[in-house]
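Shared between the two complexes below is chain A, which has chain B as its partner in the first and chain C in the second.
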Partner chain A sequence: MANVLNKVKGWFVNGFWKTFCVAWIWTLLCKKWIWQDFCVNLLYKKFDKWKAWLYLAPAIVLLLIFTVWPIFNTLRMAFWNKYNMLQEIGGTLKFNFGVQNFVDVINYQRFIDCLKTTMILCVATVPISTFLALVIAVCLNAIKPFRRFLQTIFFLPYVTNSIAIGMVFEAMFNIVGYKAIMNPDGTFSHVSVGIINNIIGIFGFEPINWINQGSGYWQNIAVLIIYIVWNALPFKILILLGGLQSVNKQYYEAAKVDATPRWRVFTRITVPLLSPMITYVVITGFIGGFKEYSSIVGIFGEDMQAVGGKSLNTMVGYIYDSLARNQQGRASAAALILFGIIFVVTLINLYVSKKNTHY
Partner chain B sequence: MSESKIVTMTEKDMKKVTSRQRIVKIIVQIGLYLFLGIMALIVVFPFYWMIISSLKSTVEYRLPVPTLFPNEIIWKNYADAFTKADLGQLFMNTVYVGIVSTILSLVITVITAFAFARLEFKGKNLLFTLLLATMMIPGELFTITNYVTVTKFGWIDTYTVLIVPFLVSVFYIYLLRQNFLQIPNELYLAAKVDGTKDLKYLWKVMIPLSLPNLISITILKMMGAWNSYIWPRLVTTKAHHLITNGLRGASYLDEAGQTNFPVQMAAVTVVSIPLFMVFIFLRKYIMKGVSRSGIKG
Partner chain C sequence: MKVELQNLTKIFPSRNKKSNEEVVAVSDFTFTIPDGKLVGLLGPSGCGKSTTLYMISGLQNPTSGKIFFGDEDVTELSPENRGIGLVFQNYALYPHMTVKQNILFPLQNLKGADKMTKEQMLERAYQAAKLVQIDELMDRKPSELSGGQQQRVAIARALVKMPRVLLLDEPLSNLDARLRLQTREEIRRIQKETGITTIFVTHDQEEAMSISDVIVVMKLGVVQQTGKPQEIYDNPINLFVAKFLGTPPINVFAGAVRAGALYIGDDKVLDVPGVDDREVYVGIRPEGFIPAADGALVCKLSNVEVMGRDVSIVSYNDSMLTPTVRSIVDADYKIDITAENVRFNLKPHKVFLFDKETEKRIYFGDQKAPAAAEEN
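Take a look at the complex of A and B:
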């Protein structure tokens, strides 16, 4: 009995503010008119107001758990020195503010390598794929027969599984056979080939070790660039062609009357009129490029490197690796850095495009 | 008056096209078709290579100069692919997760979009703006905490963990709400006057009118399950893996310890063919969904 009394007393003293809140709400609710109003609302009159929240409830609950909470929690984990999920669940960890995670991430050579690979892929693939998509879209817009057919073909890579087609590219660039070549001194040596090496051989190039054991970093990157550009084309063509078809034809008719050369029409009419679409395509291209991950797994497997080669891991790959190693703090710090980079690049793109948008 | 004059002038000019100009035009057209044809070949070639490689024997596949069509068609590669990558089990997992998550997601999306489009409540616009704002944040940021959350819930290595975290998509809610808003409000008020219940109205009027969008959402959701790779690998073991995990995680080595590429290509073909089917029969809906997200998103 004394025990219980002590407990109640302790609760009153320690949790006084809680008690105060509860009592206050209780007094309010006890007032007769509030009760009445609440019941009437619920049962008859203003049920609509509550109904909306009823309809929204599932979405809101799920969003709170899986979208809103992560936004705060990522910040919390990133600025929590030496955060570890298992220790936190075990309750042995106290919040400890600091930027140690960021320092660790930036000082970590593997992270710098990941950042470098990601940057190279981004800077190379976005301009190439945008330019190619623009040229293809303009050409598609200039023809009549077979346009729909070609349009469908160019959209085909969009609905593929990037891991699966990555494995096809692996097979295409892989060394599968051995070709005997006679050396000047009469001996034979074996040169490896594959379908791509055969094709470039037609144009007189030497076979290259693209992705097999002992292949160089830049050869690997070249394969990745080709694959990512191939994969990025359909979306860009779709958006740019949609933009082209909504351009007012009068500009082109005016140019025709003036006998403007085609190149001038392209640079002076098409590109400026398409600039909002181009901006959009470039921004989404950069965002996608900074999140590049599964295409590398597709070609190089889950190790993300050629056998014995340099790691081709990207920033997203680094985040997932840290997560799998139970370093959620570092993963959060890296994710925030990634978010920051994407944000800044998007702002720069918007700023540049605002300067160059012509209407 | 003056406008019609200009039109007749240009038409007159058009008629004066000399034969030389016509030849230039034809050459340009040929150039265009040549360029587009080559690009189309490059785009299609990996698919072609995938299919013919999956039908070759290992010996033929390893020839120094590859053949462009298999001399002998080996269907057994497909049987090997099913056993080596355990595609049957993975296929069932993927279909189960895809169907359950699509149905639940459609229900939630429809009632949420309905509330935002038709019902009045305090803070509606603020809430909707906040929802749209979350679309800016990259998904990786959510994944880290969600991994911790599902671990705490004890959901690791279940079907639940593959379904629940992705049920609500702000983009789909947005898409459907815009669609619902286009349906005249008078219809809703008339139904109310007649004493029709909200849910009945939703079922009889709004869902049929926004069917194309619902189909787009269904396709994108199913394709999402079919293509998801990172999250299943992170939170499940082999028993609950989805098809893409099995595809890359399987070992395609032959007796000599070398990769058996024909079998690997057979597995890839099996995974790709449903996507092609969807593409061929439902292309309209996919392209619509993509271009809409492109222009409005």
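Take a look at the complex of A and C:
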């Protein structure tokens, strides 16, 4: 018996290519003549049903591992009171099922502050950036020379690292004057900083402490709003410009023949025809806004606040913090609350846009 | 409103700087469109007819030449100041507005002294809708209408501000065959009822012939012939016009004039007094054949299509330049379908001779060159 096995093994190892060739020719023969009408067709027909699943398999497996399982896990952790992963790995404690995590999160002042900051940023940035993007897209669509060049320019922020942009903004919004920087040899050199305050100074206004030590919450928020709007523009411009370019030019010619004023063309023709794109941009804008995090880190650093100022932490920031403090239950609960808010806001968006999108 | 075009020329610059190929879309178009008439601009695609229409509308500016509405020079006026109604080929109805909103839209743009109250606007809109018979559909969206209904909405929208001139760009090309017949009569009726000078563009000669008061035949930016449909059909000025008008199309033969007689192949088919000896193209309308046992023109019989009222004889001749020789004769003529040959005599006024070089018409006998179009 062992002898036979060895022989088969050797056959496979040494003469694998021969086996392969024979098998291949056999398959061809099967297909070509003998089984064609019966066996292969039957197999193939059955296979057709599973073909789709086969092709989808890689994506499904990855989604199951990296999306579905974490979602399930989040649910599990959120509804176990005072869940803590280290304790679970230790295997000693059993957690009670309940809503304690949610109660904790909502009663926690820090979370409420985070929620407030997130809301303010969202409500302020989405309308501003959408409107600006619409105006810029219409303008870009109207000009002929340098259009490609300007499109590229306007798209640059999208491909730039948001932390890097944040640092540039930090430099721009510094207080006016001189900042002392210590050289390696212990001496100090002074650099002029704060282009925004310099510009304000040109118009004769007092410099504003935007982001430095002792700056106020609303100044910080103002900087963040400018930053987020600027950062969100390119994607929205791209989508809206694409929409504009697909609008039939004859609508505009018809409007022109009918002596339609420009503003009316914009409000009565351009905006309604773009409404599907606008809806998309607003919904993704709100979702992105609720997930705002890296911009604050980019400007204010990991502390997420001006030195000595009020915390500018957001919902996502709160979730990260909770994870860092090994409070997975609380983080999960906060994540679910965030999900709920985004869900409701998106539903409202869809409802409103359905009322205004007519075709 | 009389529309006068003077030496209208449109040249599109070359696409890139390397090639200097300018495209002359319309060349030296001079024509007066009489007041209250329905005029068809007819020609194959790329002949500049749409460009002409857009120049009249003001959406495109002529390279040179002038456009007058009545006595007013509108060449430099922008489209909104010309008082025109334009119906686009694909109608360009605003998809997000109802029919009513679409029709009201031009009225809501009116400013100053023309400004209307809401009631006046609604009244006008319903008037226009009633004219094109869509007043039942006022609250629908364009996507809920058929092609023909959309067409009517587009016409209503163009008419509602009472334009001086109504322009229609290929008004029937997006409709199916049955609707096309219906709609072209509709356009005729609307034009008659409103009395607005109407110019429409088409590549379908049947369409142009059936409803126009005046036809302008164009080719490669140059006006070939203008006149009443029947006149152009009966008296084409060159081979292109003769070929372009008429279904079934005209039969063309290579022929020669020798000693005042016209020869097709070796057959002496017709006396053509007053024409020098020369090689010619011979155009014969399908209805220009008379079957006769001793007919002058001998053709190989292919088949006979019976259409009830009359009979269509398809045959072949060695000198023909069209794929077949198609003649339409009265059903009273009994054609022997088993015979190898069929012989025809020709009706002189249905036979047109064209110069072989210039393809211009050669008149013989009592044929006369058409009078200038202005006299319509």
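Keep in mind that, in the parts below, the second predicted complex is superposed on the first by the 275 of 359 C-alpha atoms of A that agree within 3 Å, B and C clash if a C-alpha of one lies under 4 Å from a C-alpha of the other, contacts with A are read in each partner's own complex, and residues count from 1 in each chain.
The definition used in the following text is that a contact is a pair of C-beta atoms (placed from the backbone, for glycine too) under 8 Å apart; a residue touches a chain by one contact, two chains touch by 3 or more.
As the structure is a computational prediction, the values presented were derived from the model and not from experiment.
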For A:E253, decide between first (touching chain B), second (touching chain C), both and neither. both
Given the touch rule stated above, what does A:F131 touch, chain B (first), chain C (second), both, or neither? neither
Residues of chain A touched, compared between chain B and chain C (which is higher): B
After lining up the shared chain so the two structures overlap, which partner does A:F95 touch, if you call chain B first and chain C second: first, second, both or neither? neither
Under the stated touch criterion, which partner chain does A:W218 make contact with: chain B (first), chain C (second), both, or neither? neither
First, second, both or neither for A:I269, with chain B first and chain C second: second
Examine A:P261 and indicate which partner it touches, taking first as chain B and second as chain C; both and neither are also allowed. second
Now for A:F205: first (chain B), second (chain C), both, or neither, which partner does it touch? neither
Interface residues of chain A shared by chain B and chain C, listed 253, 257
Interface with chain A, chain C side, in the complex: residues 57-59, 78-81, 84-86, 88, 90, 92, 94-97, 105-106, 108-111, 141, 143, 157, 161
Considering only the defined contacts, which chain A positions touch chain C in the complex? 248, 250-251, 253-254, 256-261, 264, 268-269, 272-273, 275, 357-359
Touching residues on chain A, where the partner in the complex is chain B: 48-49, 51-53, 55-56, 58-59, 62-63, 65-71, 73-74, 77, 85, 88-89, 132, 135-136, 139-140, 142-143, 146, 150, 152-165, 167-169, 171-172, 174, 176-179, 193-195, 198, 230, 233, 235, 238-239, 242, 253, 257, 262, 280, 287, 291, 293-294, 297-298, 301-302, 316, 319-320, 323-324, 328, 331-332, 335-336, 338-339, 342
Please give the residue numbers of chain B that touch chain A in the complex, ascending. 10, 13, 28-29, 32-33, 35-36, 39-40, 42-44, 46-47, 49-50, 53, 61-66, 108-109, 111-112, 114-115, 119-122, 124, 127, 131, 134, 137-138, 140-149, 151-152, 164-168, 170, 173, 198, 223, 226-227, 229-230, 234, 244, 247-249, 259, 261, 264-265, 268, 271-272, 275-276, 278-279, 283, 286-287, 290-291, 294-295
